[in-house]
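All chains are identified by letter, namely A, B, C and D, in their written order; residue positions are counted from 1 within each chain.
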Amino acid sequence: MALSKEQIAQRIARELQDGFYVNLGIGIPTLVANYIPEGISVVLQSENGLLGMGPFPFEGEEDPDMINAGKQTVTKLPGSAIFDSATSFGMIRAGKVDLTVLGAMEVADNGDIANWKIPGKMVKGMGGAMDLVAAAKNIIVAMQHTNPKGHSKLLPQCSLPLTGVQCVRKIVTDLGVFSITGQGFHCDERAPGVSVQEIKEKTAGRLSIADDVPEMVF
Amino acid sequence: MALSKEQIAQRIARELQDGFYVNLGIGIPTLVANYIPEGISVVLQSENGLLGMGPFPFEGEEDPDMINAGKQTVTKLPGSAIFDSATSFGMIRAGKVDLTVLGAMEVADNGDIANWKIPGKMVKGMGGAMDLVAAAKNIIVAMQHTNPKGHSKLLPQCSLPLTGVQCVRKIVTDLGVFSITGQGFHCDERAPGVSVQEIKEKTAGRLSIADDVPEMVF
Amino acid sequence: MNKVFSNADEAIHDISNGVTIMLGGFGLCGIPENCIAALVKKNVQGLTCISNNAGVDDFGLGLLLKKRQIKKMIASYVGENAEFERQLLSGELEVELVPQGTLATRCMIAGFGIPFVPLLAGVGTEVAEGKEMVERQGRQYLIEEAFHADFAIVKAWKGDTMGNLIFKDTARNFNAVMATAGKVTIAEVEELVQPGALDPNFIHTPGIYIHRIFQGKNYEKRIEQHTVRKRNA
Amino acid sequence: MNKVFSNADEAIHDISNGVTIMLGGFGLCGIPENCIAALVKKNVQGLTCISNNAGVDDFGLGLLLKKRQIKKMIASYVGENAEFERQLLSGELEVELVPQGTLATRCMIAGFGIPFVPLLAGVGTEVAEGKEMVERQGRQYLIEEAFHADFAIVKAWKGDTMGNLIFKDTARNFNAVMATAGKVTIAEVEELVQPGALDPNFIHTPGIYIHRIFQGKNYEKRIEQHTVRKRNA
């Protein structure tokens, strides 16, 4: 059965390592914070100027001056630090953030990503996405394997305007875990009960997948 | 009679305007702080990271963590601010410092200045001098008109390695006040009792000076 | 030296049609509410605004958009604003979208007297169109020019009469960066204090960057995404 | 995540011959006294040191110079050090003099992931030799590359176990800048505290830049120019 959004987040959380500084995008990536493995300590960076982001505040304790990059009211944990926007992206650009998790509309089998614009529709802007994908050492995309029309979002090349080129390292979809290898997508794990055949059918880009690709365990 | 060092500083202090941010170099320039005119408020910037530098501390109150760019123990005034070295030179480079006063070994009649190196002798380094002269909007040089050998320090061109090119606006020496005009040095004022003839003799660079150039009054 | 103004109307008195204004804030967090209201009241036209976001329909820069006072918007993210969308599609509004870190850095370098910097963001995307590229250690960078503004308007938590500012939490965002980039920088603060009241060792923006300061009033501080958790029993 | 080391010897355990080290401080103010002593004790050789100054004969980097552990010195001002002069004139020591603001900025941009910047200082002087020049708005700039270091060693006033630092007064100087530019950054602090003890709104260097931290001891904090005024009766 395909993974739920929560399970996608849960699987991505296994990529976390102790001491990681992590930037989590809006949507599924935000959920990763709920599944940080026991015994591991990570620090969440929010690109509007916060290291050490904590959970949402208790009702009545929300502060309009304390938000994350998704404009949600949040808290700061002991040992957190506040800084300005230039410093925030400076640390991202300098490679100090160990892992960035973000959503995507399309990923190409060379690691290109498109997630900011649909021509002809409203253009909201790229926000910090282009900075993050251009600079982060390690980028994991969290997304559905196909779009609402059932078309693959893992493509030979992106059809939408790019956010960044050859930058995605790994993709976790509802169907499995995929690495970008230089020879296209490589399926590392499949979702429980999802067949190799289904993954092949729903992946438009170059794909290597073993018949006995391991099944995820939750 | 030629001006004393104190009088050179006193004369330069008349160039101060209310609200000026001022960087004073080591030596005579430092003395300018003692002659800030009544009713005028200026803020002293020290390029090691301090705005609002105050006088030396009282005996027993000196703090090794509180020094100026000359490595002297100083105090900070109410309303001062501390910052790092990059920010300090950033504000200098961005033209936020209104006036820089510094010493020189030589000034050329096109505004070139040399004040950091004597080839063959010890090279101590330029410190912040090159940054200051390259970026300050308004540079006044405070120096003796001649060197210990009696040779003019106001030259057709500098013989020593340059600190900056075409940057000096004004020079106050023991003999007078000189502007850099584009046609060389122009004598604006002479020291009390110093003759036009003496100034002409001791100025090697191009000089324009009126026979009735005003005499400074103290 | 007097930098203190009595209110927003006076602080923006010489902002005229057609100027370029930077406005601090991220979303609705840390925006200069008083000055925005004064700009609406003054009804200056043809503004170029540099700001990370464009407010919402009825708050923040959305108030200036609604009155069509903005000719051009330079921002990284302008979602959640229907009037913005209408003006953009009708061609009334010119928009330049800039990656957020690039926007912040282009403002920052203005305050450092640096005319341009090479940045990674946007290489290989439409952001790179028409821009010079350079390579270092096998990586491509875009040459990005500094953003200067006729006026930078920022909102701080506390400020003293010398212009020294401190910000509160994530309301610092673009405020601390843009404060350094205005030919004239105006700071509105929640609390205006005397010199000596702020610890010199913990000033976020040194007063040298601030030309005008006033104590604002009636801050609404609207929250865009009100997210909370339940208290355990 | 454990960044805490018990002392300087442990914090510098893997600094080996021939590496490049940045050291914070201005003159003798805010220098990492404990780490310098440990480097002397470890007797690593052939170091390239990036530091605004080179200490005095018997303190600061002068201690490393005296033992001839430094192969190359990158600094803006190296006066007041007779041993430095001797080694320089005898050709034992290689020296690169960099304008102070350029030095600070070249360290800073490393921490911002910016490979080079155009700077004003040194145009038309011998500092410009061999450097690319660019023009903007009629002014000439030198292209200056970022300074990276294998190790950056800084001294702070207080730090927490997450690596967040605050500096005291003008001891901030190059420390806050170099802290961001090390492949490995080591911070020695006068007081090491637990997370939560420092106000997140007033952190000078966020912990993300700091890889190792320890509480130093026996700070001498020597004063170079002891200047005081008499108290009025």
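Here are some notes:
Here is the rule we use: a residue touches a chain if its C-beta (ideal position, glycine included) is under 8 Å from a C-beta of that chain, and two chains touch if they have at least 3 such contacts.
A quick note: this is a predicted structure, and the numbers were derived from the prediction, not measured.
The interface with the greater number of C-beta contacts, when B-C is set against B-D, is B-D. Ranked by how far their CA centres sit from the centre of chain A, the chains are topped by B.
The mean-CA centres of chain B and chain C are about 37 angstrom from one another, to the nearest whole unit. Per-chain Cα centroids separate chain A from chain C by 28 Å.
Work out the mean CA point of chain A and of chain B, and you get 56 Å between them.
Across the assembly, chain A contributes 76, 82-83, 86, 90, 92-93, 135 as residues in contact with two or more other chains. Annotation for chain C: residues 105, 112-114, 119-120, 168-169, 200-201 touch two or more other chains. Because contacts link the chains in a way that matches no line, ring, star or complete pattern, their graph is best described as other. Here, these are the chain pairs in contact: A-C, A-D, B-C, B-D, C-D. Every residue of chain C that touches chain B in the complex is listed here, in rising order: 1, 110-114, 160-162, 164, 180, 194-196, 200-201, 203, 206-209.
Chain B meets chain C in the complex at residues 18-19, 21, 41-43, 45, 51-52, 76-83, 86-87, 90-97, 135. Listing the residues of chain D that touch chain C in their complex gives 105, 109, 112-120, 136-137, 139, 141, 166-169, 200-202. For chain B in complex with chain D, the residues that touch the partner chain are 46-50, 55-74, 76, 82-86, 88-90, 92-93, 112, 122-131, 134-135, 161-166.
Touching chain A in their complex are the following residues of chain C: 26-30, 52, 75-80, 85, 88, 95, 97, 99-105, 107-108, 119-127, 157, 168-177, 204, 221-231.
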